[in-house]
Structures are given as structure tokens and as C-alpha cells.
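One structure is given below, represented as C-alpha cells, and several questions about it will come after.
Chains here go by letter, A, B and C, matching the order in which they are written, and residues are numbered from 1 within each.
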Amino acid sequence: MCASGSPPPPAAAGETTRLDVRGLQCPGPITRVKQAMSAMSPGAVLEVTASDAGFVADIPAWCASTGNTLLETRPDGANYIARITKGSASATATAAAPAAPGKKAKTIVCFSDDLDRVMATFVIANGAAAMNSDVTIFFTFWGLNVLKKRNAPPVKKGLLDKMFGVMMPKGPGQLRLSKMHMGGIGTAMMRHVMKSKRVMAPEELVAAARHAGVKLVACAMSMDVMGVHKDELIDGVEIGGVGAYLGAAEQAGMNLFI
Amino acid sequence: MCASGSPPPPAAAGETTRLDVRGLQCPGPITRVKQAMSAMSPGAVLEVTASDAGFVADIPAWCASTGNTLLETRPDGANYIARITKGSASATATAAAPAAPGKKAKTIVCFSDDLDRVMATFVIANGAAAMNSDVTIFFTFWGLNVLKKRNAPPVKKGLLDKMFGVMMPKGPGQLRLSKMHMGGIGTAMMRHVMKSKRVMAPEELVAAARHAGVKLVACAMSMDVMGVHKDELIDGVEIGGVGAYLGAAEQAGMNLFI
Amino acid sequence: MCASGSPPPPAAAGETTRLDVRGLQCPGPITRVKQAMSAMSPGAVLEVTASDAGFVADIPAWCASTGNTLLETRPDGANYIARITKGSASATATAAAPAAPGKKAKTIVCFSDDLDRVMATFVIANGAAAMNSDVTIFFTFWGLNVLKKRNAPPVKKGLLDKMFGVMMPKGPGQLRLSKMHMGGIGTAMMRHVMKSKRVMAPEELVAAARHAGVKLVACAMSMDVMGVHKDELIDGVEIGGVGAYLGAAEQAGMNLFI
């Protein structure tokens, strides 16, 4: 007996759940697959329909990395269909979770506040979270600007700190392309194109990463140099230095500097 | 008895083959060493003469990574000579191949279409292939331009897609330096200097990587955003998303973002 | 009996040594902790006072990575205090060194000569050295400029090599910011701010890395292309190519391209 408003019971072994992710751009499809699978029981089947041309290459990698079983992928008109059984063949029999592979954790240094590089950072971070990896992003130098609130409470600052504050972008909504910015025209055009093609905006990618449990660490030295106070950063950000970064990197199997 | 036109029989154990790679720049020497060694039997000896100043540091690393035995390196006037026995000392005795080391695979995200960064990408990729690594390069955002054919068949496009097409480089022959481009003068000068010093051009590096089996993957989302059709890309390119990239990265021991 | 001028005897088990690193910016505190601990006996205690806001996140990672035992961290006014026992709890009992973890080595490709990216390179390198990692930095393309002596002896060169020499920075003291350089004003302002906040200058970071045993390798091909002679580089630099780089990267657990 379910209380009203409680989540539906998980799909049982053998049952098929359908998921439509047409129109979603990378990493949307695998993020949604992960969410759907988490509500299913081992042995249950997920049938996914996607329009993303990368999906047929992504979903086998996703299954291999997360310990699930890909039954088939096939084109369906302009779309692609994948069918996945939750768990591995042997895991289904024993209902055991797949063994955790070593070094699945991943770290990214987000050094830049270029719109394009920040998007790459967060597409990879969200994709890795969808593959059940622990992800830490370390924001240093210009990258610190990504973590700024759009409208932070005023903080008392010296002249140079104020100048830095005025000259630098405040959060993902104000970032510029690393090339073809063209006084703002190129960046606006790129944002327009990405929106029309349903690519997640940087603001949405940051929100999705936070929701998926990606750990965001602000470089203490960069905050000091640029005169940024913790109150000016979005909630949930931790503060650390190179020791914290390297500690995470030593536990990780993939470390990128973007 | 050999049929006419068939390759020569492999050099046998104890026999010495000579290889002259003078004038070749990195990664030419180790690429040629790999090719020469593949035509030799375990226990056969390769004597290499190189002018590349990095060769004496590179060849011990190459031997250690590929399971071959470096007998000696020595200067020879302005050049360097290395003598290598195919296989390890014990492998020579047993004619067994060295055990495959784990995590030899390597991935590179080619995010940029700057001439200098693309050259770094492909020098590393070709070098890694020469060291018997599986290499995957994932081309995203501006990096996608590297994979464009110089003269692709016309594809029907909307206005914005056409604009992107006009503004961006088409293939490795049109790339610009990330700095000192100076309206084209700096890039032309750098290309001239590199050619005169026998550094492989980006076009040649891409061709060599394809020949060496480096896997080239184009980011599906970048193709969609920039309005690039598969027909506009060079042959042999696969299409994937962040899932395919991360799947490869999790199997690799080295992952760079360039 | 100690001869005059010899170092003091190491702090014995149970004894507490105090270390004041207030005012030092990252990676100063962990570098100093490493140095202080190396003069102590297993079981001895170090009490560190730091003002760096990242220190409370860094020091647990440092202890975990180096096999030492963190007793506590606590705020102390605007500062932070950490108490560390040298060695692990079991190591203290047996006086055994902690087992060397695999893949602690780290490599960085320093591709850029931007002031900001070079600082990131050397903060990470010094931090890693403080965590007992073997670190190799491979300087290629523009990154080669970081290794140039400020006042090298004149070397006979052709016209193009001379032009490269004039146009490019000579050593860490002449680097420019990747953005906001503003004809030199932005870079000068950033240098001023960093100095006033006691951030190590790039020159100091390079010197500290050399002192800590970080291996500096210059790319032979870049030297040839840019017409740089070994005499123009700082002392202690090795020369290598992509083979040497990849050999180091295959032995490392973290490989960054900056």
C-alpha cells in the first residue's frame, strides 16, 4: 500500500520502462538514463529513445562503466533506440551490485572563465556524474568567476579588489567566448544557437552539476588575490588549496586542467 | 623462397639492421624505430643514427615502454647512435612477447583549433602510437575544425550554420597560432620556420596519426551547434559524446585536455 | 656531542615542535610543513599555525598522502592550528616508513608562457613536491620561454631566430597575463596585488621547484624551432622529446597539460 504522493514502486525484473530523451543534447541523455535506472530493480529493462547522434557511442560506454547490460542499440528513423537491463547478467542472477572499479573518481581544474571552456568543464563533470563517478572541480584564477553569485550582497572592499570585481564576469551568465567574442556579438550569437539547439546553458550545467553532487572547491589563494569573499560565491562551495586538490587528484583516475 | 614483391624476411636474432633518421624531428625518430622494429625478429639488433637532440632521452623511455632492450646510446659527432635489441633479455631467450602493461591507453581532448595546440596534440598522439599505446582524440568545440575537409562537398545549411562555416578554419592547413598570429604574418613565419627545420606540418601529423591507428572521435554536440555535417569531415572519423569520451578515459592511464 | 654549526638533533617521539606559517600563501604552508617534518623523528608532533584559508582543507590531504597522522585542526581567531604526528599510528609503533603508494609521480606539460598559467603550473608542481611526489615539467612551445635566463650570454643566430628572441619573454620575470594584460597595466597590477598579498612570484616559484627537486625538461624540437640554445636556459634543465615525456607520464598517476 502506497501513501499518496510517494514515489512509484521501482520497475521489477523483466519489466520494461520507456524513456524519451529526444531533443536532449549531451550529457542530457545519459544523465536521464542514470536517473531512470536508479528507480528500477536489477533485471528491469529500460528502453531509451534519443535523437543525439553521439548516443549510440555513449550508451555502450555508459553501460560498461556503470555495470549495466546493453541489450541492443538500433536506429529508428532519425532517432536511436537502446535497451538496457539494470545490472550485469551475473548480477541479475545474484542481485549483487557490480564491484566498484578503482580510481573512478575524476578531478577538473577549472582555470578559465571562457564560456566555451567552462561549458566543456561542466559537460564532462555532468557526464562523469552520470557514470557514477565522484567529481571534484577546483576553481582557480579566472575560473573563480564561474562561482560568483549574479547579485551578491555588497561586501566592503579596497580599491583594487573593487576594480577586479567590476572587470570580471559574475557567474556563468556573464562569460565570454575565448575567441569570436567580437565585442559581445559572437558570444550572443553562440548563446542563441546553443539555446535554439537545446544545448544546456552554462547556468543550467552548473545547477545540474550541483544537483548531481559534483564537489565545487574554490581556490583560497585566488579568492584572496581577487578580493572575493565567500559570501559572493554560490552556496555549497568548499574552500581549499593545492593540497586539497592534489589529495583528490591522487585518488582519481582522470585529472584534467581546462 | 620469396615471391617477387613480397616484403623482405625479418632480421633474425643477432643480425643488425641500420636506420638513419637524421634530420627527422620529434616524433619522427621513434615512429621510424617502431616501424623498423616491427619488421625484425626477437633478438635482432637495430642501430639508429639520429640528429634530434631529444633522441638520447627519448629512446630509453621508448625501450622501457615497449619492452625492448637498449644496448647503448652514444654521441657520434653532431649525431647520436642508439643500439636496441628487439625484445627483453628474458624475452629473447624465450621468444615471448613482453606482458602488456595495464592502462597504456591514452586520450586527448582536442578543444582548440590553434595551430600550436593542435601540433602539440598530434605530436603527443603520434609519439604515444609509436610507444604502442591505443590513442583516442576527442575533437570538441573549436577542435572540430581540425577534422574538416579542405574542399568538402556543398551541404545545404541555414544562415547561422553558413556563417560559422565561413568564419572558421577548414582543416589543419588553415589553423592560426594562439599568439603572434599578427594578421597571418606570424603564423606564416612559424610555418616557414617549421618547414625549413623539417618539423612535420599539422596536415602531415594528422595523416600520420590516422595511419598509425589513432582513433579520431568528433563531438556530436559540437557538430550540431556549428552545423557541421559528417560529409564535411575527413574519412574514418567516429561520432560520439561525453559518454564515449569518458568510457575511453576510464580505460586510459593518461588523459589530457589541450 | 654535536659539532658547532651542525643541524639540531631531530625532535624525538612525543616532543612538540611549533611552526608559524601565518602570512604564507599556498603552497607555502605545506612546503614548510614538509620541511619541518623531515627534521623530526617518527612519533614527534608538529603544531602549525596558518592564516591561509585553504589550510584546513589542505593539511588532511597532505597527511593522508604522505603517511602522517593529523591529530586535530581548529580555528584560532583568524588563523588555523593543526597538530600532526610524524608517521602513521602503526608506523609509530614499529618505526617503519609508510609503504610507498604506486603512481605518486606527476607530470605537467607547460605549453604556455602566460603568467597566470605558469603560476598554476608551478603552484601545483611545488605542492606536489611537498606531498613527496616526483614531479616532471615538460616545457614545450611558448612554455620554453619560462626556462630562459634573464641575461644569457650572446649566442650567434640567424635572422628569424633573432626575431623570435626579441619578440618572446625571457624567463619568468617577463611573462604576461593571458587576459587583462592591457598593454602591461593589467599584468603590472596583478603582480603588485600578488606581491602585496605575499603570493610567491613566478621567479620564486621556479626557484622553489628547482630546490625541491622538480625535474625540468625542455622540448628539443621547440628549442630548434625557436632557435634557443642550451646556454640560454637556466641551469639544471634536461633536454628531451615526446618519448621522454610519455615515458614519465606512463609512470605517473597525474598528467596535466597547462
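The rule is short, and it goes like this: a residue touches a chain if its C-beta (ideal position, glycine included) is under 8 Å from a C-beta of that chain, and two chains touch if they have at least 3 such contacts.
In this text the structure is predicted, and so the values were computed from the model without any measurement.
Taken together, the touching pairs cover every possible pairing of the chains.
In the contact between chain B and chain C, the residue numbers used by both copies make up under half of all numbers at that interface.
The geometric centre of chain B is 31 Å away from that of chain C, both derived from CA atoms.
Shown for chain A are the residues that touch two or more other chains, namely 255-257.
Of all residues in chain B, only 109, 111, 140-142, 160, 163, 167, 217, 219-221, 223-225, 238-250, 252, 255-257 touch chain A in the complex they form. Of all residues in chain A, those touching chain B in their complex are 25-27, 29-30, 52-55, 57-62, 64-65, 101, 104, 116-117, 119-120, 123-124, 126-128, 130-131, 133, 179-180, 189-190, 192-194, 197, 199, 253-258.
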